[in-house]
Amino acid sequence: MTVSFRGVIPPVVLARHEDRSLDAASNERNLNRIIDAGVDGLFILGSSGEGVFCTPGERLDVIEHTMRVVDGRVPVLVGCIDTQTQRVIEHVQVAEQAGAAAVVVTAPFYALGGPEQVEEHFRLIHAATSLPVFAYDIPVCVHVKLAPDMLLRLGQEGVIAGVKDSSGNDVVFRLLVQANEAAGRPLVLLTGHEVVVDGAYLGGADGAVPGLANVDPEGYVRQWKAAEAGDWDTVKKEQDRLATLMRVAMTATSLSGFGAGVGGFKAALTLLGVFASAQMPHPVAQLQAEEIETIRGVLLDTGLL
Amino acid sequence: MTVSFRGVIPPVVLARHEDRSLDAASNERNLNRIIDAGVDGLFILGSSGEGVFCTPGERLDVIEHTMRVVDGRVPVLVGCIDTQTQRVIEHVQVAEQAGAAAVVVTAPFYALGGPEQVEEHFRLIHAATSLPVFAYDIPVCVHVKLAPDMLLRLGQEGVIAGVKDSSGNDVVFRLLVQANEAAGRPLVLLTGHEVVVDGAYLGGADGAVPGLANVDPEGYVRQWKAAEAGDWDTVKKEQDRLATLMRVAMTATSLSGFGAGVGGFKAALTLLGVFASAQMPHPVAQLQAEEIETIRGVLLDTGLL
Amino acid sequence: MTVSFRGVIPPVVLARHEDRSLDAASNERNLNRIIDAGVDGLFILGSSGEGVFCTPGERLDVIEHTMRVVDGRVPVLVGCIDTQTQRVIEHVQVAEQAGAAAVVVTAPFYALGGPEQVEEHFRLIHAATSLPVFAYDIPVCVHVKLAPDMLLRLGQEGVIAGVKDSSGNDVVFRLLVQANEAAGRPLVLLTGHEVVVDGAYLGGADGAVPGLANVDPEGYVRQWKAAEAGDWDTVKKEQDRLATLMRVAMTATSLSGFGAGVGGFKAALTLLGVFASAQMPHPVAQLQAEEIETIRGVLLDTGLL
Amino acid sequence: MTVSFRGVIPPVVLARHEDRSLDAASNERNLNRIIDAGVDGLFILGSSGEGVFCTPGERLDVIEHTMRVVDGRVPVLVGCIDTQTQRVIEHVQVAEQAGAAAVVVTAPFYALGGPEQVEEHFRLIHAATSLPVFAYDIPVCVHVKLAPDMLLRLGQEGVIAGVKDSSGNDVVFRLLVQANEAAGRPLVLLTGHEVVVDGAYLGGADGAVPGLANVDPEGYVRQWKAAEAGDWDTVKKEQDRLATLMRVAMTATSLSGFGAGVGGFKAALTLLGVFASAQMPHPVAQLQAEEIETIRGVLLDTGLL
């Protein structure tokens, strides 16, 4: 029973009560809604999933609650994002015991180092678990770009199973897809850029991890099926609509970055009746009333409301 | 007699003799080869075209020689890249007198400023010429990203005619394409990223300015025609081959950046018999023998040799 | 019994056995040697002190062991460096229970945000503890520069007690010192740049947190006393020697960043008989034999060996 | 008759009429005022001196006018800042013919390259002139830091005569000063950071190139004489006042970067009766009335008005 990790694997955002504690009921509704849309997996505790905002206690709660709700319906990838190797390994071992299908790991961050240390980091993590390890390439957060040559080498040696690419460098990603094909596809290559998934599929990506799929999981599922069928007109048409929908993550004027993007997804989920609150973790404020009204307009325009 | 500026508009690289002086015969062969391939225009004195390497005298030579060789067969866009407004305006006026179809202008660079100055820069340049002005978005060189809201606003006001996007930010480019369509297409939007042109066309780009089209102009012309016909399988197939061909710009180990990329294009053109030398302008060295042999292999693999 | 936090407060590096576990005996020797030199405080679990490398268990061990060895002889500042507010607060509360004199906190990192979130972060942390909070300005690690206006405002409101400046921006630090004096000195301003401490003292800094003081605590204590006495020739003379000694952190060719710098300090402490090993935490390798020989030469040249 | 290039060498800012043309009378007053203060040289057409804003015609006017006014009273260093080698060489040759004492040259910019090209750039420029060449280290503008090892090597080989350091990296500058002393002082090392000149002098710098010396040349001359006499209390006292005066370059809210800093200097010079206008070159706006009032307050507070 092997998992392919191909297709649509949304990075699940987290519902919190107004007092910022985790909202299990909202999170259950969200997980079920995404699974019912036909996705191929779930990615929890990533950048959108507040992996770096959760305390150790919250982290455990999120993992256990997700596993209970999902109950084996789809594979669950668990983000194990932390500053350095040994800390990541402790997270990985918790995820493995809880039944994760794979772990997703960034380069180490905060302390300065070089490419040898990044590579050693992935090797040590692989040595400490029997789970597939996905390399998470997100230089905007860790300030290091994972070198494509290293990724392919680690794939060929079985150290990593795939890459979640949030690098913003579609040229390098395209060339990695091509090199991976030439090498017999040791890596599963997933794009994290929800606005240009169509181009990534045309270029040969194995799937997507779109934050926006929290808002419209069915759209990304339809798009993936069209891509599998070679129906590029539909792939593009879905993307055009999803690109418009992405405005939910771009309306904030009171906030930037994570607060604007994930805050926008949460506000949309609240308007859609999935979340009870759009509350954010400290020190991030939730979006304001007029911003939420703009988001309502985007949902109306794109037919989701 | 309006020029649409849609389609394939290669940024022409410059041949130099071994003593680094301009090689008119090689440049003439190159221009004719590109035009004969059926391109929709030419872009000279851009980043690949050594706009910032040419002395004032060389700059004038390149413009006059190109105009003489092209002789009206295709529109010629002239890069007017310089540190500040008044210097750019002097270049623009020379280009206008020489018969340029349009000018291509970056944000000012070297001195630090803010977005208001970037916008004022484009407004002053537009006021000083009757030529269409293309905004050249190339943050890797000028260290400023042109804001999409500003670009659209300048387009709607007739200040700029289009954008050459070398920003590497395909997400923002995609959203700009979408916003431009919603606004009635005031801008012509061209991608400069030769490896992911397929995704840009799928997303609605109006054309491409691919440096690699110096090496294989026919491939990019075929790809554009397929895109116009909605034949996405061909668009992708051409792109896959062109992505492999792009290795000519990535083999250098003795150099990085401009020297590796444009140096690789020049080496390929030398191997193809178009250029007499792969010489580079000071302070850049030309590629070394073993690097050129690797490039020969890429040309053989992709059927160009 | 108020602590002034002025003077020399070394950021203590951590000894590890060859198997990378903590080496209590070496750490005890190191703490005692630094205290005996006459320093004014100690800073543990900072960037040099492997705050982001320690697992939660190691973190607790380091705090408890340090408190036991120091036994009230000098105040101990505890680094509480983590990605986000709630996680930092949990670290702060542990430090407070263990008897820390103050906590040292960076801006949040990994997730993208804005200046309002940085300020809210410090406010929330202050609200959660009765300990003085030092803001740790280290953009090379967290990729945000703490704005001097914000720092002064937080100082005037009693939210933060001081700043450890590792920003590398001596111009802004100088202006902050001046503004702080004009405001009645609400902040204690400490420089973390061990090579230019003389200039910082001349400009009015309240002390230093020099990583190199692990190697030569007496030199930095002599320098501080000279600065307090207005004996600038001695301040400069000590700095000249310490700048030469800083070469211990710059000899590495097999490593860069943390591994080179802290690795060099550890190698020097091993050569000085303080540490039993120069081992580093995963994924960082320790320095190699020839690099250690170069460090031996620097110690000989500067009279420490 | 050798020039030492030690001491205070202000980077002269340019007066323009309201119509943005050069204002010869104001520029003459400014040059004479600075020379009368007792400076050791002048640096024209640098970053503050609008080197990258001047058209070729203006550039020539500035050089010729300055030489005529200065008339040999102090050595004049001419900034030859341009994107690439051959263009710089043309500027250098003009400066040499006009009687410059030295030229000041940055790394090439705009096109991407590597450290070998930067070194080759300086070697080619040295080979093309008999003038002393100063390397201008200003990564905030050219996005490359000049490596201290390269600078020392070029100094020892006679390729460069000195360094104007505007790198903002006082640690590396301090270590370069030390290495230069150990090598017999082949380089003249000048700091460009007007707010921390005291620390640079304490560390052994050979002089300063402070933009703020346009406003208060006498202050910087007094400070240099005190440093030469080892009177560090006076050095510091002058610096404290000059740091306060630096607020003239930091009051702008309508502008950032060059426009705020140089705009502030020009506004101060207008208030002091030296300049007839604080006009800036396109696309930069001049400071607004309320900003100029704030600058008047700074001049009053520091005794210049």
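Note that the chains take the letters A, B, C and D in the order they are written out, and that residue 1 is the start of every chain.
Keep this in mind: contacts are C-beta pairs under 8 Å (C-beta built on N, C-alpha and C of every residue); 3 or more make two chains touch, one makes a residue touch a chain.
The structure displayed is predicted, hence computed values, not measured ones.
Annotation of chain A and chain C: not jointly contacted by any chain, touch as defined at the top.
Fewest steps needed to get from chain B to chain C, stepping only to touching chains, is 2. These two copies of the sequence, chain C and chain D, are related by a rotation of 180 degrees on CA atoms, to the nearest 5. The chain with its Cα centroid farthest from the Cα centroid of chain B is C.
Measuring from the averaged C-alpha position of chain A to that of chain B gives a distance of 35 Å. Computed centre separation for the pair chain A/chain D is 49 angstrom, with centres defined by C-alpha atoms. Inter-chain contacts, as defined above, occur between A-B, A-C, B-D, C-D.
Contact residues on chain D toward chain B in their complex (touch as defined above): 47, 52-56, 58, 81, 83-87, 90, 108-114, 116-118, 120-121, 124, 140-143, 255-259, 281-285. Residues 168-171, 174-175, 178, 193, 195-196, 198-200, 202-203, 230, 232-233, 235-236, 239-240, 243-244, 246 of chain C are the ones touching chain D in the complex.
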